[in-house]
Amino acid sequence: MKDMLMNIESRYERGLAKLREIDGEAGERVLESLDGIAPDFARYLIEFPFGDIYSRPSLDLKSREIAVVAALTALGNAAPQLKVHIQGAINVGVTRAEVVETIMQMAVYAGFPAALNGLTVAKEVFAQGAKQ
Amino acid sequence: MKDMLMNIESRYERGLAKLREIDGEAGERVLESLDGIAPDFARYLIEFPFGDIYSRPSLDLKSREIAVVAALTALGNAAPQLKVHIQGAINVGVTRAEVVETIMQMAVYAGFPAALNGLTVAKEVFAQGAKQ
Amino acid sequence: MKDMLMNIESRYERGLAKLREIDGEAGERVLESLDGIAPDFARYLIEFPFGDIYSRPSLDLKSREIAVVAALTALGNAAPQLKVHIQGAINVGVTRAEVVETIMQMAVYAGFPAALNGLTVAKEVFAQGAKQ
Amino acid sequence: MKDMLMNIESRYERGLAKLREIDGEAGERVLESLDGIAPDFARYLIEFPFGDIYSRPSLDLKSREIAVVAALTALGNAAPQLKVHIQGAINVGVTRAEVVETIMQMAVYAGFPAALNGLTVAKEVFAQGAKQ
Amino acid sequence: MKDMLMNIESRYERGLAKLREIDGEAGERVLESLDGIAPDFARYLIEFPFGDIYSRPSLDLKSREIAVVAALTALGNAAPQLKVHIQGAINVGVTRAEVVETIMQMAVYAGFPAALNGLTVAKEVFAQGAKQ
Amino acid sequence: MKDMLMNIESRYERGLAKLREIDGEAGERVLESLDGIAPDFARYLIEFPFGDIYSRPSLDLKSREIAVVAALTALGNAAPQLKVHIQGAINVGVTRAEVVETIMQMAVYAGFPAALNGLTVAKEVFAQGAKQ
C-alpha cells in the first residue's frame, strides 16, 4: 500500500523534477501559461510526458532530447516547443554542434524548409545565451 | 587539384559505404527500386544524405538514427523508410529497447496513433530477426 | 426551373448567412482580406464550405464546430483559422469548457505541442471577450 | 490516504472500463498488439487517454468521438486508429450519418483526399456491420 | 435568368466533363466508390474541384496537374489520389519525365521519403501502361 | 579528369547562379542567415537543391516553381520559404494570376485554411512590389 501511495506521489513529483531538470525556467513558464485556461493540462503535462516517459531508464536524456528536437523540426508546426527543447537538449548535455547536426539531418527526412526553420529557432536560442 | 578530385570521388564512394554500413541490404533494395524510374535519384540519395550528411563527424551514427526513427515516427507518412531505419538504428548499435523508447516518446510529441503505428513497424522488423 | 434558380441564389445567400451566423465579424474580415488578391476565392468560400457543407442537416452546428476546432488544433498549421473557429464554436453554443476539452483531447491524437498551441489560441480568443 | 489509493486504482481501472465502453473488442486488440513489444505502452494508453482524458466530465463522449474522427481524418496518417474510432463513435451513440458528415466536413479543412480516404475507412467499418 | 440557369447546369456538367478529361476511368471509379456511403460528396467533388477550380482559365491543365502531383507527393498521406493524378497529369499532356522531375523536386521541400514514396506510385502507374 | 574537376566546380557555381536566378536577393539573405549557425548548410542548399535539382533539364523553371508554391502552400508550415518561392515563381516568369490559381487549387488538396494562408503570403509579396 505504501508502494502504491509513493507511486502516486512520485508520478507528479518525479515529473516536476524531471521537467525542471530538462526545461528549466522555460518549463515553468509553460505551466504558468496554462493558469486560468487549463490548469489540469499542466498537471497532465507534468505527469505523463515527464513523470512517465522521460523518467524511464532505457534511453538516456541526451538521446531523448535529440529525438524530440528531430521530431519537432520535422513536424515544423511547433516552434515554441522546439525552442524549449533546443534549450532542454543543451541543459542535459547535448552540444550546440549536435543540436545543429540533428536539425540539418532533418533536411533529408522532412525537407530543407523544415531544417532552415529549425536552424532559425536554434540561432535564437543560442543568441539568448543558452548554456553550452 | 588532387584534393578536389578526391572530393568528387569520395562523395559518391563515401555515401555508398555509409549507406551500406547503416541500411545494409535494405538500402541496396531502395537503390534497385529506382532503376528504370529515376536512376539519378539513386545517385542523389547516395551523395547527399549519405555522402554529405551522415558522414559528418559532429554527431555519432547512433544519435543520427535515433533522430531519424523519431522523425519518421512523428511524421507518420513514411512507413517503408521507418522500417529501413529501425533496422538501420540496430545496425549501428541502437538496442531494441532504445528503439522502442524513442518511438514511445513520440506519443508525447505527435500523438498516440503515431507511436502505435511506429511500434507496429518495429514489431515487424524485430520479428524478421533484426540483429540485436 | 424556379427550383433551380432558387438553388443558385440560395447557395450563395445561404452560405453568406451561415458564415455570418457562425463566424460573425471575423468571417467578414476573412472575405475582405481576399479583396484585391482572389475575390473569386471569397465566393467559393461562401458557396462550398458554408453554402454546401455547413448547411447540411445531418449534423448540428455545435458538433461541426467541435470537429473543426479538433482538426485545426491537430493539424497545427492554421492558427488564424483556429482562432476564427474557436470564436465560431462559442457563437453556436459550444461552451468555453467544451472548447478547452476538445483541444486537450488532441494531446492524445496529435501530441502535447499541438494541444498547447491550441490552448494558447483559445486563451487569446477568451481574453478578447468571446461571448460565453 | 484512502482517496489517493483509490485514485491510483481508479486511473487504470477507470481507463480500462472507458476503453471497453468506447472501443470494445477493437480496443482490446490494440492492447494485445503491444504484448511483447511495449507492454508499458498499453498501460499508458489505458491510463492517460482513457483514464485521464476520456473520463473528464465537461465534454460528452459523442462529442469527443466526433472530435477524434475529425482529427484523424484531417491528419490522414492514422487509418488503423480512424477505423477503431469510427466504430467507437458509433458505440457511444454517434449515427452513421453523423460520422459521414464529420468526415465530409474535413474536405473543407484538410482537403478532398483526406475526406475521401476517411470515407473509404467508414465504408469498411459500416460493411463489417458496425452497430447503428 | 437564362444565364443563371445555364450556370447551375454548367457547374455540374462542366465539372463532370473536366473530371473525365483529366482523370478518365479512375475518376469514374472514385465517384462509384462513394455510392452507398456519401453520394452527395460525389456531387460536391464534381462541382467544386472540377466544375469551379479546374475549369478556371488562368492556369493551364498541365500546370494544375504538376501542382497537384507536387502537393500530394509532399503531403505523403494520399497515395490513392496521387495515383489518380499521376495518370491525370499524363492524360493532359505532362510527360513521364516531367512527372518524375516534379516528384524528385519534392525531396528538397518535403524530404527524401516523400519523394521515394511518390516515385514508387509513379512506377506503378507507368507499369500499368499509362499513356505517354 | 578535367571533366570531373569541372563537375565539382560547376555544382557549386551552377547552384549559386541558379539560386540567384530564381530567388534573387531573398536567396542571398537565406544564405547569410546561416552564417554563424550552420555555414555548411548554406553550401548544401546551393549544391543539392539548386546545383543538382533545379539545374536538371527535363522540367522548365516555371513548372518547378509552380510545383514548389503548390507544395509549400499544401504543407502549410513553411511560410518564409513560401514567400521566397512566390517571388521566385514571378522571377522566372510565372504571372501573379498563375500564382494565385496555384494557391487556390490547394484548397481542394489541402483545405481552405492552407489556401487562405497561402493567399495571405502572396498578398504580402505582391504588395512589396514583386515584379510582374
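So that you can tell them apart, the chains are marked A, B, C, D, E and F in the order they are listed, and the count of residues begins at 1 in each.
The criterion applied here is as follows: contacts are C-beta pairs under 8 Å (C-beta built on N, C-alpha and C of every residue); 3 or more make two chains touch, one makes a residue touch a chain.
Since this is a predicted model, take the numbers as computed values, not measurements.
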Any chain that touches chain D and chain A: B, C, E, F
Chain separated most widely from chain C, comparing mean CA positions: B
Taking each chain's C-alpha mean as its centre, the one farthest from chain A: E
B-C compared against C-F, more contacting pairs: C-F
Same vs different contact residues, chain B with chain E, by half of numbers used: different
Listed pair (B-E, C-E or A-C) duplicating the B-F contact set, over half by residue number: C-E
CA centroid of chain C to CA centroid of chain D, Å: 23
Distance between chain centroids, defined by C-alpha means - chain D, chain E (Å): 32
Euclidean distance of C-alpha centroids - chain D vs chain F, Å: 40
Chain F: positions in contact with at least two other chains: 40, 44, 48-49, 53, 56, 72, 74-78, 81, 100, 104, 106-114
Chain contact graph, described as a line, ring, star, complete graph or other shape: complete
Residues of chain F that touch chain D when the two form their complex: 74, 106-114
Contact footprint of chain E on chain D as seen in their complex: 75-77, 100, 103-104, 107, 111-117, 119-120, 122-123, 126
Interfacial residue positions of chain A with respect to chain C in the complex: 30, 33-34, 36-38, 40-41, 44-45, 49, 72, 75-78, 80-81
In the complex with chain F, residue positions of chain E that touch it: 48-49, 53, 56, 58-59, 62-64, 66-75, 78, 81, 95, 97-98, 100-102, 104-110
Residues of chain F that touch chain B when the two form their complex: 1, 4-5, 7-9, 40, 44, 48, 52-53, 56
